[in-house]
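So, here's a batch of structures to check.
After this come two complexes, each holding chain A, first together with chain B and then together with chain C.
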Partner chain A sequence: MRAKAGAFTIALIIGMLFMAWGPVSAQEDVVEIVFWHMEQPPHRVERIQQLIDEFNEAHPNIHVSQEPQNWAEIYAKAPAAVAAGNAPDLLFAIPDFTPIIRQVGAVQPVDDFVAEMDEAHGFFPSAVEPYTYDGHVWAVPLWNMAHSLWYHVDMFEEAGIEPPETWDEWLAAVEALTDEEAGVYGIGLPANRHLYTDQTVYDFMINAGAFELYNEDGTLRFDNPDTVEALDFYSQLYQYSPPDSPNWTWGEAEACFVSRTCAMILQFTVIKSYEDQGEGDPENLGVIPIPHAADLEESGTIAYPNAVMLLTDDPDKQEAAYEWLRFLLEPENYGRFLNMEPGLFLPVTEDGSEAESYWSDPLVVEYEAQIRVMLENSQNGMLFGFTGGNIFPSIAQISAQNLLAQTLQRVVIDGEAPADAVAWGQEQMIEAIEAAEE
Partner chain B sequence: MTGVNFYRVRRTLGVWIPVIVLMFVVIAPFYWIFTGSIKAPQEIIQRVPTLFPQSFTLQHYDKLFSSSDFPQYLLNSTIVAALTMIVTLLLATPAAYSLYRLRFPGRDLIFKVILVTYAFPGILLLIPLYTMLTHIHLVDTLWALVIINVTFASPFAVWLMEAFFKAVPHELEEAAALDGADRATILARVMLPLIAPGLGSIAIYAFITSWTEYMFASVVIISDVNRTVPVGLAGIIGQYQVDWGLLLAGATITTLPVLMLFALVGRHFVEGLTAGAVK
Partner chain C sequence: MRQTGKVKTMRTGWNSQALLGYLLVAPLLLWLAGTILYPLMAAINLSFQNVGIIGTGGQYIGLENYSKVLGSGKFWDAFKRSLVWVIGNGLFQTVAAFATALILKQRFSGRGIARVWVILSWIVPTVVVVIIWRWMLGTSGGIVNYLLVALGITPEPVAFFGSPNTAMISVMLINSWRWFPLMAVILLASMQNIPQELYEAAAVDGASPFQRFLNVTLPGLQPVLFVMGLVGTLWSFNVFDVIWLLTGGGPSSGTTTLPVYIYEMAFKKYRLSRAAAASVLVGLFLLLFAVLFIRFMAPKGEEEGE
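The block that comes next holds the complex of A and B.
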């Protein structure tokens, strides 16, 4: 009996091996495209898979597969994969990630393809700019994310105040809305050593006129009066932020807002959480550009144009990858792609920003007014190290150590004078860059 | 109150108050995670937290199991942790036996080398190990995690077994040898039953080390289908928008296997850690 069972098992294994071998042999002519992205929540993976399935069905000679990764480890994982020779064909990117992968020699220029897509769909220039340097375009923009100031409309109405446009108005509003005894704080601002804090600090820097971290010759200009003014104002607002905010990342800030503990926060979006976990009343959800210093005329914000890098140097794979990206950027597909997380990912193409597939999502329909404001804000978006047409890849070292956040911590937690903290911050940035060059 | 009664009350309070405080410190986070996982989303994040749930829902568990690959992550973690546990036992036990019961040239050096590997920071091995695993086609396989976890769990396991092996009288081995037993028989028939608490300790240690390992699992595993719980959970809760209910449900489920293992053999683990403490 045992011998029979053993023979059956062996036969089964051999059979399975043949079955596994069969389809591979039959699919020799199919070009395989593996792409890594960092959109791991299940509903996003599911939406991307729907689009992949449609594409694969319409393109029998190409097989696209996704391998979702995590931003937390991709900075170590992707270079390791490249070095070991098992990198994906397509890899999602944000501007300060691209130089890191370029350093390991894996990124292919995509100038011609971006030009083709620009002609077909009209890229917003601010989305392409952070990926354009050293004579090439290094990634294909896919979506944008930009901070806005989110607020509870009824809190402002009850306090009899208007949404702020300038810093003076902002401070006055925050003071008026704070009621610590009731557990309500006028603003929620982070002070963690984290990317979220980097982002909010940069929001203040932009709106103080300190958006350039580098001079044109590549030297740092972080230590300047505008940066000092930005940190000084941050610390003024920060005293009205909840006591646990030093530990915040995006999720905690969003929870503070959605639970109505914070009257205002700076965030890419709160729509999904506000709808699922909060009051879910679009009429009561306010969003405006981030207020600016009195001497500036308009607001700006931090923006992250997300993109995809081409890593394969195989011409057949490259063409197949382009075909997949063409499919994604087609207006009838692009909106569905962006709405894997409705109200977070903003279009980077002109026809995409008008696409019916984008504006017809139920959540987007419900919060259309807010999303239009977000889209408008994103047009004034910029990113530290990628401004003014000068791209300085050494920004990756500054980002990696969260030096903007560390500088802020010296002011709001250690109580150091903003000017001294900013001088310290610039020294640290210089050291970080020099250490990387060694 | 008489002097004796006062002394008794004071002694009782002196024992129980620290125990209760300690239990609160240990149990409170588990209670908070579990009760949070059955609250409605609005209650989880409301301004004034509720100590006792005011709502009840299983929607987070439903979402966890129906809309994500969490069951797959759970299965993968169980396979990797179980294999790590078994392989560690199979390697560490004879290694410890030979180190602590046999005499051979270089024994002390080998013991020191094993301890050094335990003290070596894992992060430094990340890239070399990744490259090595690529060359032998083990990247993105559960076997890669088993090998890595065993590599890091075994040195401590060998060290932990020292007190157990040293506690067994040499006369027992000699008696077995006189009866014609070879080394393998002595280890299997004489030593193992006597060092069972030690085996329980290293089994739990290896399992937990593997169950909670994040760094290597996050880099060595590429595809979703091979992801383990810590890495998978970090991904599905989101970055900019955190689904707190999903996070708490995932955390609750993640702790269950460890709690179950402790319930089964936890006593041995405590005995193992304290063995040899008093001589």
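The block that comes next holds the complex of A and C.
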């Protein structure tokens, strides 16, 4: 009896060991890819998950998983994760974030893969350029975003004014549309120490001709009359912005516009919130290029080509990551990927910009006219520190400290003269660059 | 000989008891060493180097970080704001907590519900508190501004976070709103331990309610006020989340207290070692404060009892 029990126990243990070992051996062949992105809204996470599920099903030897992060924290969290050995395999990026991660030695060059994708899909050069320096390409472009001036068409019609093209016309329109007693502000402009404010300040700088932050030799040229003019004009318009603008991020600006408290705002897009929470009338949603100073001939705007960095140095993981990115950039998937937020993310590939999967989204169909204008505006897009073919990675330190926004705050909150504030801003930028070189 | 034997036994007994005591506290001490002592030592070590971004290397540079921090006007501005922050929060929270505790001590119908209700703002997570107040105080559809304008209290919406001073006061009030219930509950519990006879005797002697509060309630609360004064000040000084989430230290650095300054130094300016030096200095300051507070503010009764 005892011998039988012993034999049964041994058989049970062996069986359990086989059962435990079986799945592990099966898992050993699966390459795990963890990728971090900063697209936290649930509907974006859901859309990415749909694509991941399709990919994982079609690729049984690869398992991709997403871990959504926050833009506000990622500048601190990603370097810490790299230092702790817990870095993801793929990490989303904007141009001024990449140099930070490069400094901790984690970013892998992706020259060959970008060349392959360029041949297959045709990258717009402006999307690759901000990630190309020091002899390599450091990230794979995924989409573009560009600011436009959004306005309520009926407000303009009731006031009898035309959409502005120059700064004089813009100021006149903002004055005419402001009715503080009725709680209506001609424009909503942020003054927070935040990336959104950096972006709007740069919009003004571009349209004053001050788009170059650096001279060709890498020295700063922020302190120049065009920048002063840009900040001076910003402060003139800012008088007509709601009083809590110093605390705004993108969400508050959109809320102000959608609630018709703001007649105009500068934003990448307002389509989703306008459709979901506002009037939802495409005929009444105006979008135009950002007006420019009188001495310039055309408008420009800030544009952010978003991309993804490869952090893993494991060849198997690298190949699996590339396979996932190949899948995303295929036109039938790419449009669905971009339309995780319809009307916000603009294509960076030629075949993607014509893809049926992009233009067939119901919201894109409804707001096609606006999206065409956004696409057109993005062609004149640029990004501070990444202009003129000269890229200086020290821009990462300037951007991380929101020094454009801080300079603006000295003008519109502290009441400092624009020229003095700009001089202060340049000093801070020099200090930031020197600290990075220490 | 017999006496010596007794001493030996006592010493042996004490030793085994002490050993047991050490064994019992050892896990906690090890845990504290791992979670507090090691990071503290790492921060001190870091403060003597020139590390920029976390994860990158650095060289030892002596006291340079300390001299730069102490010579920085921004550090001292943040220090002043921290003092304003601690004093402001202390005032707001003390007044609100005392008022609440005194009201909740009275007998009235629904007192039980009120005592639970009042603690709700403390239970709500910080992020939720921040979102609630940001939207309530907003000028585009915020309920507070709507009421202020509708009731004719202000002619136009108020920008609560629009200038450095209003932002500081607004954040202090929101933080106080979050924390005063805890203080009120502690005070209430302590008030209920004060013998009722003392109030009755004071009333017989003709003491007014204010005199009873001054001469009976306050002395009775002294031990708990001492502890709350010490712990509350240290907590308050180190508050980061509410400030960062509400204003990010702005506008125009108006709410950049020392914890915000240190965070920005480490993760915005990427000067990790300098931030570590500032942290060490702040730690030393708080340690000095705690020593002085205990030395001069400890209730006399406890000292006598030692």
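FYI, the second predicted complex is superposed on the first by the 416 of 438 C-alpha atoms of A that agree within 3 Å, B and C clash if a C-alpha of one lies under 4 Å from a C-alpha of the other, contacts with A are read in each partner's own complex, and residues count from 1 in each chain.
Here is the rule we go by: a residue touches a chain if its C-beta (ideal position, glycine included) is under 8 Å from a C-beta of that chain, and two chains touch if they have at least 3 such contacts.
Everything numeric in this text was worked out from a predicted model, so none of it was measured.
K.L.:
Just to be sure I read the superposition right, which of the two partners does A:414 touch: chain B = first, chain C = second, or both, or neither?
P.N.:
It touches chain C, and chain B stays clear.
K.L.:
Determine, under the contact definition given at the top, whether A:153 touches first (chain B), second (chain C), both, or neither.
P.N.:
neither
K.L.:
Which partner does A:76 reach: the first (chain B), the second (chain C), both, or neither?
P.N.:
both
K.L.:
Which of the two partners, first being chain B and second being chain C, lies in contact with A:192: first, second, both, or neither?
P.N.:
Once the two structures are laid over each other on A, A:192 reaches chain C alone.
K.L.:
Per the contact definition in the header, classify A:242: touching chain B only (first), chain C only (second), both, or neither.
P.N.:
Once the two structures are laid over each other on A, A:242 reaches chain C alone.
K.L.:
Is A:363 in contact with chain B, with chain C, with both, or with neither (first, second, both, neither)?
P.N.:
neither
K.L.:
With both complexes superposed on chain A, which partner does A:423 reach: first (chain B), second (chain C), both or neither?
P.N.:
neither
K.L.:
Touching A:259, do we find chain B (first), chain C (second), both, or neither?
P.N.:
A:259: touches chain B and chain C.
K.L.:
Of the partners chain B and chain C, which touch A:341 in the superposed model: first, second, both, neither?
P.N.:
In the superposed model, A:341 contacts chain B only, not chain C.
K.L.:
Across the two complexes, find the residues of chain A that touch chain B and also touch chain C.
P.N.:
76, 80, 83-84, 183, 252, 255, 259, 261
K.L.:
Which residues of chain B touch chain A in the complex?
P.N.:
41-42, 44-48, 67-69, 126-127, 130-131, 134-135, 139, 215, 218-219, 222-224, 231, 234-244
K.L.:
Touching residues of chain A toward chain C in the complex: what are they?
P.N.:
Going through chain A, the ones touching chain C are 75-76, 79-80, 82-84, 100, 103-105, 180, 183, 191-194, 242-247, 252, 255-256, 259, 261-262, 397, 400-402, 406, 409-410, 413-414, 432, 435-436, 438.
K.L.:
Can you name the residues of chain A that touch chain B in the complex?
P.N.:
Listed in rising order, the residues are 36, 38, 40-43, 45-46, 67-73, 76-77, 80-81, 83-86, 145, 183-184, 250-252, 254-255, 258-261, 267-269, 272-273, 276-278, 341, 344.
K.L.:
Show me the residue ranges of chain C that touch chain A in the complex, using the header's touch definition.
P.N.:
Those residues of chain C that touch chain A are 50, 52-56, 134, 137-142, 156-164, 167, 246-252, 264, 266-271.
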